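Labels for the chains are A, B, C and D, by order of writing; each one numbers its residues from 1.
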Amino acid sequence: MFRFNCDYLEGAHPRIMERLMQTNTEQTVGYGMDEYTASAKEKIRKACECEGAAVYFLVGGTQTNAVVLDALLHGYEGVMAADTGHVSLHEAGAIEYTGHKVITVPAVDGKITAESAREYLVRFYQDVWTHMVRPGAIYISHPSEYGTLYTEAELRALREVCDEYGMRLYLDGARLGFGLMAEGTDVTLPVIAKYCDAFCIGGTKVGALFGEAAVFPRGEDVPHFFTQIKQHGALLAKGRLLGLQFDTLFTDGLYFSIAKKAVCQAMRIRRAFEEKGYRVYIDSRTNQQFFLVSEEKLREILTKVVVDDWGPVEDGSRLIRVTTGWATADEAIDCLIAAL
Amino acid sequence: MFRFNCDYLEGAHPRIMERLMQTNTEQTVGYGMDEYTASAKEKIRKACECEGAAVYFLVGGTQTNAVVLDALLHGYEGVMAADTGHVSLHEAGAIEYTGHKVITVPAVDGKITAESAREYLVRFYQDVWTHMVRPGAIYISHPSEYGTLYTEAELRALREVCDEYGMRLYLDGARLGFGLMAEGTDVTLPVIAKYCDAFCIGGTKVGALFGEAAVFPRGEDVPHFFTQIKQHGALLAKGRLLGLQFDTLFTDGLYFSIAKKAVCQAMRIRRAFEEKGYRVYIDSRTNQQFFLVSEEKLREILTKVVVDDWGPVEDGSRLIRVTTGWATADEAIDCLIAAL
Amino acid sequence: MFRFNCDYLEGAHPRIMERLMQTNTEQTVGYGMDEYTASAKEKIRKACECEGAAVYFLVGGTQTNAVVLDALLHGYEGVMAADTGHVSLHEAGAIEYTGHKVITVPAVDGKITAESAREYLVRFYQDVWTHMVRPGAIYISHPSEYGTLYTEAELRALREVCDEYGMRLYLDGARLGFGLMAEGTDVTLPVIAKYCDAFCIGGTKVGALFGEAAVFPRGEDVPHFFTQIKQHGALLAKGRLLGLQFDTLFTDGLYFSIAKKAVCQAMRIRRAFEEKGYRVYIDSRTNQQFFLVSEEKLREILTKVVVDDWGPVEDGSRLIRVTTGWATADEAIDCLIAAL
Amino acid sequence: MFRFNCDYLEGAHPRIMERLMQTNTEQTVGYGMDEYTASAKEKIRKACECEGAAVYFLVGGTQTNAVVLDALLHGYEGVMAADTGHVSLHEAGAIEYTGHKVITVPAVDGKITAESAREYLVRFYQDVWTHMVRPGAIYISHPSEYGTLYTEAELRALREVCDEYGMRLYLDGARLGFGLMAEGTDVTLPVIAKYCDAFCIGGTKVGALFGEAAVFPRGEDVPHFFTQIKQHGALLAKGRLLGLQFDTLFTDGLYFSIAKKAVCQAMRIRRAFEEKGYRVYIDSRTNQQFFLVSEEKLREILTKVVVDDWGPVEDGSRLIRVTTGWATADEAIDCLIAAL
């Protein structure tokens, strides 16, 4: 049965598998000091149009969020995030485990706005703030957990808030490719590099077996980050595995073409739902789509394909998430559409 | 140039790569809930003759040590380790980062003896121990960082110390295969499962791309360990990758045959060094060998092959480490021997 | 100028000061092993009608919350609290610093209800909860930060939620005396000891120079708590100071008479505000009172006495807090009332 | 029975008690924002000849060490200390609890030398140091746990090591007064302020009920330290208590006269032991004295006065510690000497 319930069901794009096979018996030094890793870093710097960026490769998304935020924050600081943010909810307290509070503000379509951030900060500095956790960074996910995207103007506004209050801006790009390839977006890698103090480029969900690239556009800001990766148990011994995957993804635009195809497939699914009269729950232009279906219909769909049931909503219908990935085949979508 | 400087230079054993290719486009649920992982766990339980064991797969060695020890220890407890132990020195403070002190006792050939552990504990309980860090576990590495091994009697003696003082025994098996296949050892997986509260079976250095199996022989002891893995940022999204690798390693005894071959290669190297009159620094029967060579000779060797220079020792000569792995070829060893 | 802006403006009740003077040159062993501390513990056990209780003395409120919650929680657990709770807002992240998430639920009059707790828990276990922070305890403050009180029925209902979900119930009694002496309450020390796994009896705000008694009614639940106090830097060298203060407070009911007087003074203030037509913001029967005054009136009042300005509320008026303590004199209140 | 087993047996110097009584009913703002605290800070700055110093008051010694070191260190750094140092042994892991490794080097008479520190650092940077805990500070105690003292030259040498390796120098002055008043020392408060990045002036053992002054001679180095105190649960609500005690201690040189008298008493004890032929274990000029006595003699002494038994030493005799404090009376010493 075809599955649409998440975007990390399959392994890696064939081109990555191929190169992993080709290089399998090469002897390379460990911990990312190899040439594949060096090459991958250089390609990412180019793609970000940011020659001075420091780039590191980590294994997983929660791990990357925790290690990077811990590096960005002082010990007494916390991180502001949308209350629907991944760090707020579904990372098992990985941020708090490093001693930092996640300060939630109400999300608007999965996003944190400069307005709501500033509103929090104004109230914070009116309160007895020296007895409170100083917000040292803003965490945003792009695309958000609801598939929504920031605009360049929104990123700029968040940057301004950060500058005003002495904060860092971190963008969690676990699904970044799908955001960059969304129709109508004006946010590119160089734009992100311009506004953020750190961000990650997700590989796990965009064609890799695993792996996230942590990028610090102002490279010198994070002394001893390598040691911090090790300290968090996040250092991969055979660093080649990460370097080679990202080197492949950033060769001939593979990262972008993978993402673009998945987004197209997602939009095809959306059109099909719309045509059949289903309500679109939120306007996502990325690889995650959200629809409302009746409980009865959901049961029926689930006999044909797997989609992600997010539970009942106000009007009695259920919210489902349908996700595409690098490997989503046309016939899988045909099957899904037939089930509607 | 052939490299003998560590045991994680190459990728994975071909049989693992093959299965990764075969299963690459299968859609499997994430986080280790897939069937490959279930199968791998079952095979490990069988190999340990321990049906009730809880088995989890993590990505790296330092990570596994940190997450498992944090789960075994109460917040106010520390872990005893040899002063040469990996957790004591080369994990960038990953254990302390989780709040636990590493309490070092002097190593004997890289090992912690029941006598030295007991000596520490006797003194501890004579001191104002309620103002001190209670040792809650003993950490041992098997093989140790010097390639040495515990005997069953030594493990039993450590177990007795642990029982006497209400402590847990954790065995770091990052190179476990090489220990199990060493000539003359009486320590097997079931023996380890009998005496330890937790141990890990290293994959990274024994044929896998990456991965460590954390085994809790008394399964019920670690509630919510899955959540703790996530909390430490150590949960791999595509859990199939870990499950499938360990499933392959524990099919038809691959884990053991890989290790056995590497140990044989290491012993061949040792015989060559001995025949040529070099001093063996420590009696290791495993894949790591330690020799003393003159500084001049070392420079010469390093023009032919790469070995690991551990620096000068007392008598003016230098200590080198020579390591074999799953991929060490006969011709590489020929080349090394020719350089002596 | 008389101050009503908080309840720890003065030093200690004269009877405490007197005994501190009397015993000043006695040589007593440190860290709470002295006889005054033993006597104080025994008196508290009696007052709680709980002979098996473990009692410890700490210096401050935030400290006590952090140390006790850390002892009650497993490393992977968090604590549920009202979003207005002290641990949620004004402890500078002391709880998160120990690695535990504070999981907020919306407060009702400063309180967390069994209904809202259960609602959170039901949703939690419907979500992918193994990727989330398990709530391991409920934190309540009694009186709350708004002077409100739980009833015995409400405590029982929270206890039931805790039992149902395997959680601990912790009551922060920084202002406990004022709650116990409030008119109409059915919550006594034995009632608290019956329903809570741990609670603290605040001294700082109720007649002591400083000091909080941490009580674990089921004594054996907290092994090595003494060491945990030390580990958190919370152990007072001259333990006599804490023991003697609590011994004095729990001799001849001083703790209760101090609190009763302060509550009476607060109620006198409330009646005066009501008589003069001010709106009472929340129905508090304890030593903290909350009123709405116009901005102009507030400016006028502040020329005569100090009250705590909590900022503007909906209707344009400002919320003020007026607090009494053990030392609040009649003439101070006369002065306040004259200013209305 | 007179006690010489530690230096915090009694309460506070009478002049402190007197002022606590006098000010008991004054209403002062909390958290150290009161005038007594401001005055105490100013007096300490003057005594240190360091107008720019930031001064904070904390309650206890372990607490101060943990909070200050956490503020001085980056998250990935540890602190070097003598293996006999208080932070290494008797603080229940308070430093590790904040995530920082205590890196021990062998003590010489309770002290860490610039040579041993440099030796460690040279080896560290020859090792795979990016996988190890970077030493970010050196911790010294002055007087040490063995009553010994650093010279100005030794402090300067440690400062040079710190400058060379980008480290901070922290001096734990829990017994600082006794060190400053020792015969022959060339270390004064201004000297300490010159060489250290932070230090504490102990009150608990030198005339106060409790309290330690944390001094940062280069004030601007520790942003948000107030919040960090709160975060660690170390902020005293009634800050006046700390401010007033230190204000008294630094009025008319009380801190120094208290310490001087205790040192004189200690030297009188030492002369008596020497005259009666006991071996002095270590050359301490401070309030702690260490002697060797036979087991039989110790039993006899302990029937007359209390001294601190540090256990057997090599030659079969036992090491005892005899300590004086602000309250040690002549008759107590007479009694001790009579028992020899």
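Quick note on the criterion: a residue touches a chain if its C-beta (ideal position, glycine included) is under 8 Å from a C-beta of that chain, and two chains touch if they have at least 3 such contacts.
Nothing here was measured: the structure is a model prediction, and the numbers come from that model.
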A student comparing A-C to B-C should find more C-beta pairs in contact for A-C
Per mean C-alpha coordinates, the chain lying farthest from subunit C is B
Rounded to the nearest Å, the gap between Cα centres of subunit B and subunit C is 49
Whole-Å distance, C-alpha centre of subunit A to that of subunit C, is 42
Check: subunit C positions touching at least 2 other chains come out as 76, 91-93, 97, 99, 130-133, 227-228, 230-231
Seen from subunit A, its contact residues with subunit D in the complex are 70-71, 74-76, 99, 130-134, 223-224, 226-228, 230-231
The answer for subunit D against subunit B in the complex is residues 76, 78, 89-93, 96-97, 99-102, 126, 128, 130-133, 311
Residue positions on subunit D within touch of subunit C in the complex are 2-3, 6, 8-12, 14, 17, 20-21, 23-30, 59-67, 91-94, 97, 204-205, 209-210, 227-228, 230-238, 240-241, 327
